[in-house]
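Lettered A, B, C and D in written order, each chain numbered from 1.
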């Protein structure tokens, strides 16, 4: 090691990115009194307490191991980013309001009432610094699903009007226009036409009756429109009787991410109703992680009964179609590593689907160290990518992902989530990183065996 | 039942009280050699399991010298196979054992003629001469 | 008042040589559980010790203590001590009876006022003094009268020391220990059911030798004999540490002489000298004979649960009451959960 | 009634009542809360099998977390296994359980128990030091954590002192203090975080059922 002036050593290993905690900014929505906000938060915390959440909130040992699983803590060493600490207020509410000993907690004041100051402070912890990726849920020796609890705690925050503005705006736009990015049915139709022309592919829209309902993520429609064409190519090649519906195309669910159960239900019901209307047997979800969680695992519960159709993530659909020979692909001579969308793989259970697709593609697949279910999150999930004030933190966290990807030395980096793709693209640009994320679906679409159809 | 027959004191592993005592005796011998300080061990104060006392006596063995004392019942003072280690056994007038000691010394004090007795003896001897 | 001879003089008069005296001192040290290094001090003390007067009172007792004492007194060397003791009153042992006996007691009290030793066996009934009388005098009156001029009092046996069997639940006679009635004199307890004979004589020897009671523990027992537990000095202790236990009285473990803890041995909480002093002139003691220690030298040993219940067994009811506790818990849990649900319903309504 | 009798009698008795009532209270208070049905189409069988599976598998650390959690995990293993061995395999304790269960099981030699007990205390101390020094643990710890630590270690220490027998205290008093410390532990057990001993079956079990059903990683 050379010393330039003899006093300061040059540390080539030093972080190039100095982390500065984001400026504390407490956003509020609506004009409620402070008391109302606290009460709302409390009420909507309490509504979530059922046997499962109660056992989780009662069972925490304060062992702190979740901190070691959380990218936000690992990259900053800020103890506040300990996942279970993000739930401290939720826990506090539980112990006071619904726990088995709630009476005594209130009587003796063992747990104080949650205050507005706390709620404001926790806004940063429940939104900016949690992607609901669920890695912490896997390290917990008590098996507590911390990520699931964060989603529920957000209900109280939303109702109290205490969430980051950007996320609120996006969610509100989604509720008002049907799309977080303001993609109206007309705009979607325009895009479909454009893509149909550009890629010379037939794209059915608003069929009265179809077996398969394909849906899209606004991020794809807006930023990666080629995925519309890719979806069409694949479904056409598979010989499906399928359609897009202008009355139910938006797969993202910012009601869920922001913490508003009503908006969440509204968005989900649009898809369910559209599918029921056309008598679909299957909804194929686009490359979007949280869409999978929202419809595949929470959809039926919004409806209140089992869904009359199946729900598959596109990677699952591809995997099945390839296995069944519905579509065939040409071998691709490249090496690939795959970034697992947390909600599809770790929390959704479809980890193997993407790997099976890559096997069919014949690529040299290079699993990341602890890839698959233990994958590091892109840092932008759970709505975090929309929160601009959280950008420095998100990019700092992304370093883990970069290291993980670089270690594989693969030629290409693929994923199957537009949200991940968006945060990858952002960080790629920011860091001038060598890897540009591609789409698994697009790789399949580009390499379809034409005569196979 | 054969097990009952074999399960006698002799077959038990010893209860572990003899070895530490032998070690204590060894140290006392060292002390005697180094500083000349004698040691007396009162065997009545130690817990012995069945057969252990006999085992101890057997282990120490019999040396060159043994003496009988006849005062308030008989007493046997015997040097063990280890010189300087003495085995003392006091009996009462009914010939029951009332005390057992191991003394680590050159000569047990009780073997020496006592001044009081010498004085009394001298007086008697003087009387005889008269 | 006649000058009482010293022990040295008594021994000399008996023609005991100096050597014999040394032997006597060595064995005395041994029975006093004093280290052999104390022998010269004992010799010195004994030479000048004076013969004390002893009055023995027997109340609610079974004479087991006297039996035990007499087994020890005659044949052993400490019998000599009894030659040195003037046992002026002991209604079981003395030839005199009735008024004569009581006269002897009064004479001894007067002659040795302030110097004599009172030994008591048996507990004293307080519920009704008439439950136990001697020569028409209730036990409590006789005790009070006799200890008034005593130098010290020794409670022999568990009854006198702690109330013993008469004092056991439900204690129909209202039996109490000597120490509960005598508070202005030194009282030493020599408990046991019965106490080890040699311990009884040894404490007397100690009083004779040093003119005072030995060091006592919190229960008033001489530390020299009650300073360690049976368990600590038990030859079967290594088996305890190895985890080898007799499970029943006739299993291989019992035959092999393993630890009797599981059979209810109270050795770990019983302070007595049985394990070293042993009984019947050092022949054996209960554990060596294959029976767990009952803990007879401890206060209230009768009422401390079953003799054959292992020491670590909790002394509490289980079953029905625990089921009751479970039911209470279930009810409280249900109430708590209902309260939680109500709260949720209310909050849902309020939004 | 002396201290030992009090400890073995009323103290233990009431502690047992509170332990049982409190445990059932807490469990009922949790399981009787509303539970929403899950209508999503299962990918795999969840159910009891999944619950049992995760109850077992979460006893071990997944590979990716091994390095980061090695130190506390090892300490926790030593602490827990030491505690289990001391509580369940020390012969006098087995006698205690036999007293009301009516059956017994083989124990370990005392010397082994002493070593395990000392190891458990050492591990507990190390864990406490960690709790007092790690920024994460300092932040998230509360009274429950420290008090639970105290009432767990206290019976271990008092129990281990019994064979050591410091001169200032008599065996039966020490035994009484040991039993009383156990009574304190039993009283606190259902209410604080020590309740994880039974809650762990619910938390791991629920997670097992929910996530196995999704075919997701548990």
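As a working rule, contacts are C-beta pairs under 8 Å (C-beta built on N, C-alpha and C of every residue); 3 or more make two chains touch, one makes a residue touch a chain.
Model, not experiment: these values are computed from the prediction.
Asker: If you average the Cα atoms of each chain, whose average lands nearest the overall Cα average?
Answerer: Of all chains shown, the one whose C-alpha centre lies nearest the global C-alpha mean is D.
Asker: Is the C-beta contact count larger for B-C or for A-C?
Answerer: B-C
Asker: What is the chain whose Cα centre is as far as it gets from that of chain B?
Answerer: Relative to chain B, the chain whose C-alpha centre sits farthest away is A.
Asker: So, what's the distance in Å between the C-alpha centres of chain C and chain B?
Answerer: 31
Asker: Roughly how far is chain A from chain C, going centre to centre by Cα mean, in whole Å?
Answerer: Computed value for the inter-centroid distance: 79 Å.
Asker: How many angstrom lie between the centres of chain A and chain D, each centre taken as the mean Cα position?
Answerer: One centre to the other, that is 37 Å.
Asker: What is the distance, in whole Å, between the centres of chain B and chain D, each centre taken as the mean of its C-alpha atoms?
Answerer: Measuring from centre to centre gives 56 Å for this pair.
Asker: Touching at least two other chains at once: which residues of chain D meet that condition?
Answerer: Those would be 25-26, 28-34.
Asker: Using the touch definition from the top, which residues of chain A touch two or more other chains?
Answerer: 49, 54, 98-101
Asker: Can you pull out the residues of chain C that are in contact with at least two other chains?
Answerer: 332-333, 336-337, 340, 344
Asker: Looking at the whole structure, which two-chain pairs count as touching?
Answerer: A-C, A-D, B-C, C-D
Asker: Applying the document's contact rule, which stretches of chain D touch chain C when the two form their complex?
Answerer: 2, 4-5, 8-10, 12-13, 16-18, 20-34, 91-93, 95-96, 98-100, 107-111, 165, 170-172, 175
Asker: Quick check: in the complex, which residue numbers of chain C touch chain A?
Answerer: 332-333, 336-337, 339-340, 343-344, 347-348, 350-351
Asker: Show me the residue ranges of chain D that touch chain A in the complex, using the header's touch definition.
Answerer: 25-26, 28-41, 43-44, 54-55, 58-59, 61-65, 68-69, 72-73, 76, 134-142, 144-145, 191, 193, 195-196, 199-200, 202-208, 210-211, 214-218
Asker: Please give the residue numbers of chain C that touch chain B in the complex, ascending.
Answerer: 16-20, 22-24, 26-27, 29-31, 33, 35-37, 39, 75-77, 79-80, 233-239, 252, 255-257, 275-277, 281-282, 288
Asker: Would you tell me which residues of chain A are touching chain D in their complex?
Answerer: Going by the criterion above, the answer is residues 49-52, 54-56, 58-65, 67-69, 73, 77, 79-80, 82, 84-85, 88, 98-101, 137-145, 296-301, 303-307, 310-311, 345-351, 370, 373-374.
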